[in-house]
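What follows are several structures.
Common to both upcoming complexes is subunit A, partnered first by subunit B, then by subunit C.
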Partner chain A sequence: MRTLSSKDPTKGGRTSSPGGPPTGRRTPGHRRPRPGGMARNRRREAAALVMPSLLPILVLSVAPLVMGVALAFTDARLVRSPDYELVGFENFTKLFDNGFFWESFRIGMVWAVSVTLLQLVAAMGLALLLNSGLRLQGLTRVLALIPWAMPPVVVAIMWQMIYSPNAGPLNAVLDGVGLPGDINWLGDFTTALPAVIVVGVWVGMPQTTVTLLAGLQQIPDELHEAASMDGASAWRRFVDVTLPSLRPIIASITSLNFIWNFNSFSLVYVLTEGGPGGRTMLPMLFTYLEAFKNRNIGYAAAMGVVLVTVVVLLLALYLWSQFRQDDKGKVR
Partner chain B sequence: MNTRVASIAAIPATMLLLTACGGGDGDDGGAVTLEFQSLSDQPAAIEATEQIVESWNQDHPDVQVEIVPAGWDGVYDKLITQFNGGAAPDIIHYEAAGIVPFAVDGYLADLSDLMSDAMRVDIPSGILDSVTVDGQVVAYPTELQSYVVFANRGLLEDAGVRVPEGETMTWEELREISQATTSGDQYGLGWGLSSPTAAFMSMAPAFGGTFFDGAGSDAGLIMEEGEMALPELVGEMAHDDESVQPVSLTQAGSDVLASFYAEDIAMTVQGSFQAANIEADAPEGLDWVVLPPLEGPAGPWQAANPQTLSVNVDSEHIEESAEFLEYFASTDNLAELNEADALIPATESAREIMGTSLAEEPGWEAILESADHLESSPFLFVDAYPQWKDTVATPAYQRFLAEEIDADELREELQTGWDEITQ
Partner chain C sequence: MTVRSLVRPAQYAALVCYILFLGFPLLWLLSASLKTSAELNSLTVSLLPREWHFDNYVQALARQGLVRSAWNSLLVALSSTALVILISLPAAYVLARLKGLVRASGIGWILISQVFPVILIILPLFLVLRTIGLTDSLVGLVLVHTTYTLPFALWMLQGYVTGIPVDLEEAGAMDGGGRLEVLRRIVLPLLLPGLVATAMFAFVSSWNEFFFALVLLQSPENYTLPITLKMFIGGEGKVALGPLAAGSVLAAIPSIVFFSLLQKKLTGGLMAGAVKG
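Our next item is the complex of A and B:
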């Protein structure tokens, strides 16, 4: 958020117009004392060019978003002749007392944080491996993308089969090596959430790996060479060369992953439908049930608003701390 | 990735899209086309449905019926979005317990005057009641299921148990046989209770359980002895006797059949329709029988929750749709369909035909007999039932069966959940 607004051209232009030469050098066109006919024309041109891409965004993203937020302040229900009225903050106060919602929120946080972290660690390992110049690198890089190419529903059905308590390959393998082979992975209250998290990590790894791999390829070899000349071990080189160079990429992919994971729906919907006994009831599933089973879309919209607000706050905090570290690093 | 990013925009966006997609009716060149959303999922039943539709289409060039296949999973959510988006088909296949809220909302056409008198007389009054909302018939009932016990005769005899043969058998008897046939890796009973609510609701009448008092939006939940008896009994069998296969309690009924075929379990409680699957899939030499209907302290009663065919009130061809339903539910068609699905027809005449034509087939006699014990049940007419079932009852029963909560906590969870939904 912060970076966006500081790069905002209009803002920058306006505050700097009476000011000194440094900004003037960057944008000479805006520095003319009076706009004149040509500048107006150009502005019109720019508007005309922006419209085609702006319209779909307005119609397909902004309008539904505004509608969704507005719904949160009504008692709308999904019925044949809906007549609903504004109820102010009633949905939100009701939500505040809704123990089920906050329990599902807690599960959602456990899910999103652990999937995001595990994804990062596993994808980092995989990216380093794929970048280490092993044989058949081209093939393995393609193979690593496969989970990405599969629709979430297919992934979920596949893992359902793997986890199947009496015919699944996972239990067969465990049984084969002498471990207990009768674990009911998705049906047992203790294993359901971890089992679902493993699938979440698996399915989300490719895009993290690819992004990190791209970042790794950007790091100049000279840095590594210099470090090894100085006698740095592989671990030291990873910590002091690779990680700092990757920091902006890690920060962005982690925040994107966090949003995706927190909002993920189809995978868990197909795997467990929030069961057993609500143990894997992610907030999006809960909201879906409220909207399409209980048909309280006003209330469900309020849940959506709360979820988005909390996620935005958490991300702002995370990015702020990341960039603050970044700034410090530069000063040093 | 779009689905993930959409987040909150999803709900209103879906509504927009649905509204945009709605309204198109295949209406060209004079011939009327009716969309028939069918949920039939067994190969034989799909074929039977297709045959009925095909013969209708041949006889009625002006009114063509087109089958739109859909699945039972998630069909309630699907119908909600279809109706709200104005994209619902003309003819809607569902079940009484699920269709009533849509009728209350005014989405279904009143078929009272369109249903022929002969048909009305042919449907037992208890079953006709289950599709009558505010005095209006909102659906043609077609197929009924009862819960029956399938048993492996060999395993029962190995354990020295005489296979019960009477008019009915008591739950106590089932419990004893289950204990007697449990040994080593083998369990007496497997029961697919991953979605336990429907089974517990349907079989509660045998214990005098009614669950609800009143109807519509004024109904109240009753949680007393009769309502709690069955879950408690299953809990005792599973955790005290240890005669119920634990895995099965978290599986769907059809998954439990694998254990039945592998002879890991001696008996399994299933919907009667599984007879068709067992006959097709059971390994050669598996000698299976359908045990007599289960009887509780209040009798052998089970709740009737027929499959239904309704007409969308916004359809441009309500009369034609009703004519097709009249044909679909005619005696021969219904008998054929129910035989394919191993279910019990909703009309007396079709049941008679099946009684004579299937007298020799294994299991059928017991299945058809169980139909005499089906009665209409209050939960069909409770507006909030489908919500309560999915958001409160199913997770609570799952927790109870996994011993996360005890019977008192279960009762309380069901009650408070109900209060929260209906407040």
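Our next item is the complex of A and C:
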């Protein structure tokens, strides 16, 4: 630990000096030039101030990330005396034939895509309502924030009660209006995944709503007024004015939501533990069980690598298409 | 004209649907925490409890595990909050006052870290923490929580720092007084609301956190509140439904209180960061 910390400042100093020239080039134009010694002092001071943040991040998240990738190429097992060797791509070839993993991957995609899209649609509706000067706004705003604040475990416990087959209010209501009221929502093969997705939307909607609302409030009123002068309907105004102005915000919040949803663990783990019969086995749950129940930590790391790679690729594709559309819009 | 007169009622109908969807589960949890176990298990379902019955709360608090783990959660959340603030304050200041490439890469890294694949990090981290004897330890959990709250805390704080004009600092420096003196006398007081908001955010993140606690903690006396609540479900099933609901309500209260205090600041801080970044 000590050698690490005594080594790092020099490393930090070295890496910051190549960054020096550009700043140096820029300063004379705007500010009075500083003597070189003082600039170096300030840089050293900056490095010292940043170091306490940088160190735990390097040690506890960057290093583990690198090690995690390395682990994927070993046959490491989670046992008392760790004794493992490099096995090359064996984990990955094994993974390729693992039908359960790919089924879990498919479930993860269904979950992440549907939760993200439903979140976006529901949040957009709520944000538009909150932006149109109705009463009950205060209440709705508070309600819209609570799911965000609650511990995921509590959310899961709460929805288990809602979905409860015998004493749950959902079945009681369905029964009351003459529909079948004996559905075991979280225990039935066909309803488990949709039921879990609804909870995912409930949890994630608030943050998206707040973000979209902030975006809506930045759109100048003149744009809407001009459009209504031209006789545009509410729907046309939404499509022609609101959506284009929100596009960058929508792109970023959707990508973030997608990643968060794909990486989500706690909610579904507490709700169903991946059941029934693996119907809600999100990839993170699958990997967790492989690592900490089956104790194949190297194999689990390989799963992690595959998941991360796919998500990054998908995201790059999505963002690329968004930016391309933006460019086209500019040309027009 | 007729179409227009229908718009408002339709909007209100939609708003009521949202309120029901968002609020009903909360109401149900609250009401379940006030019902007797006989009523919870009966087949006639009603939203309001027949009579208000606070015994569930007494029972939940009487469980050794729950109080103990609430205490653990509090310790972990307070320590990681203190650490996060201590560590991120200087770095956020530097980040906010930097310009050009360094700042851009700093901000970029913060954003990327928001999407870090947790599962890939926890595997080696578990091995590392085990070799230094920090798995199944609250100290280890504090370290992990600190690291994972740090990026967002940095993001929030640097947004608040950018809101403080540099001129103020320069004026302070003119009056004489060292750099640290200026920071303490001028920057810190102005930053206080931002610091409070960031601290509350860090506290809530740690208080709510489940995954790392699940992986790292093994012995029941070290469990944090979320883990204990999860164990309640597995163990006793329906019988403990009332106390489980009561415990859940209690566990959610600190987060909800902090978040409602935070509401405006959180979005404000995010926006400040976003605009400047």
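One rule holds in what follows: the second predicted complex is superposed on the first by the 276 of 332 C-alpha atoms of A that agree within 3 Å, B and C clash if a C-alpha of one lies under 4 Å from a C-alpha of the other, contacts with A are read in each partner's own complex, and residues count from 1 in each chain.
One rule holds in what follows: contacts are C-beta pairs under 8 Å (C-beta built on N, C-alpha and C of every residue); 3 or more make two chains touch, one makes a residue touch a chain.
It should be emphasised that the depicted structure is a prediction, and the values quoted were computed from it without experimental measurement.
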Which of subunit B and subunit C A:A167 touches, first, second, both or neither: both
Partner chain(s) touched by A:T140 [first = subunit B, second = subunit C, both, neither]: second
Contacts of A:A227 with subunit B and subunit C, given as first, second, both or neither: neither
Greater subunit A contact set [subunit C / subunit B]: C
Touched partner set for A:M67, first subunit B, second subunit C, both or neither: both
Subunit B versus subunit C as contact partner of A:W159, first or second or both or neither: second
Partner chain in contact with A:L120 - subunit B first, subunit C second, else both or neither: neither
First (subunit B), second (subunit C), both or neither touched by A:P56: second
First, second, both or neither for A:A302, with subunit B first and subunit C second: neither
First (subunit B), second (subunit C), both or neither touched by A:N184: first
On subunit A, positions contacted by subunit B and by subunit C: 60-61, 64-65, 67-69, 71, 78, 152, 166-167, 259-260, 263, 265-266, 284, 291-292, 297, 300-301, 304-305, 307-308
Interface residues, subunit C side, partner subunit A - complex: 7-8, 11-12, 14-15, 18-19, 21-26, 28-29, 32, 40-43, 45, 47, 86-88, 90-91, 93-95, 98-102, 113-128, 143-144, 146-148, 150-151, 154, 179, 204, 207-208, 210-211, 214-215, 225-226, 229-230, 233, 241, 244-245, 248-249, 251-252, 255-256, 258-260, 263, 267, 270-271
Complex contacts: residues of subunit A adjacent to subunit C: 16, 19, 22-23, 26, 45-46, 49-50, 52-54, 56-57, 60-61, 63-65, 67-71, 76, 78, 82, 122, 125-126, 129, 132, 134, 136, 139-154, 157-162, 166-169, 172, 202, 205, 210-211, 214, 234, 256, 259-260, 263, 265-266, 269-270, 284, 287-288, 291-292, 297, 300-301, 304-305, 307-308, 311
In the complex with subunit B, residue positions of subunit A that touch it: 60-61, 64-65, 67-69, 71, 78-81, 152, 164-167, 182, 184, 186-189, 207, 259-260, 263-266, 274-278, 281, 284, 289, 291-295, 297, 300-301, 304-305, 307-308
Subunit B residues within the subunit A interface of the complex: 1, 3-13, 16, 76-77, 80-81, 83-84, 105-107, 194, 246-247, 250-251, 255, 258-259, 264, 386-387, 390-391, 394-396, 398-399, 402, 404, 421
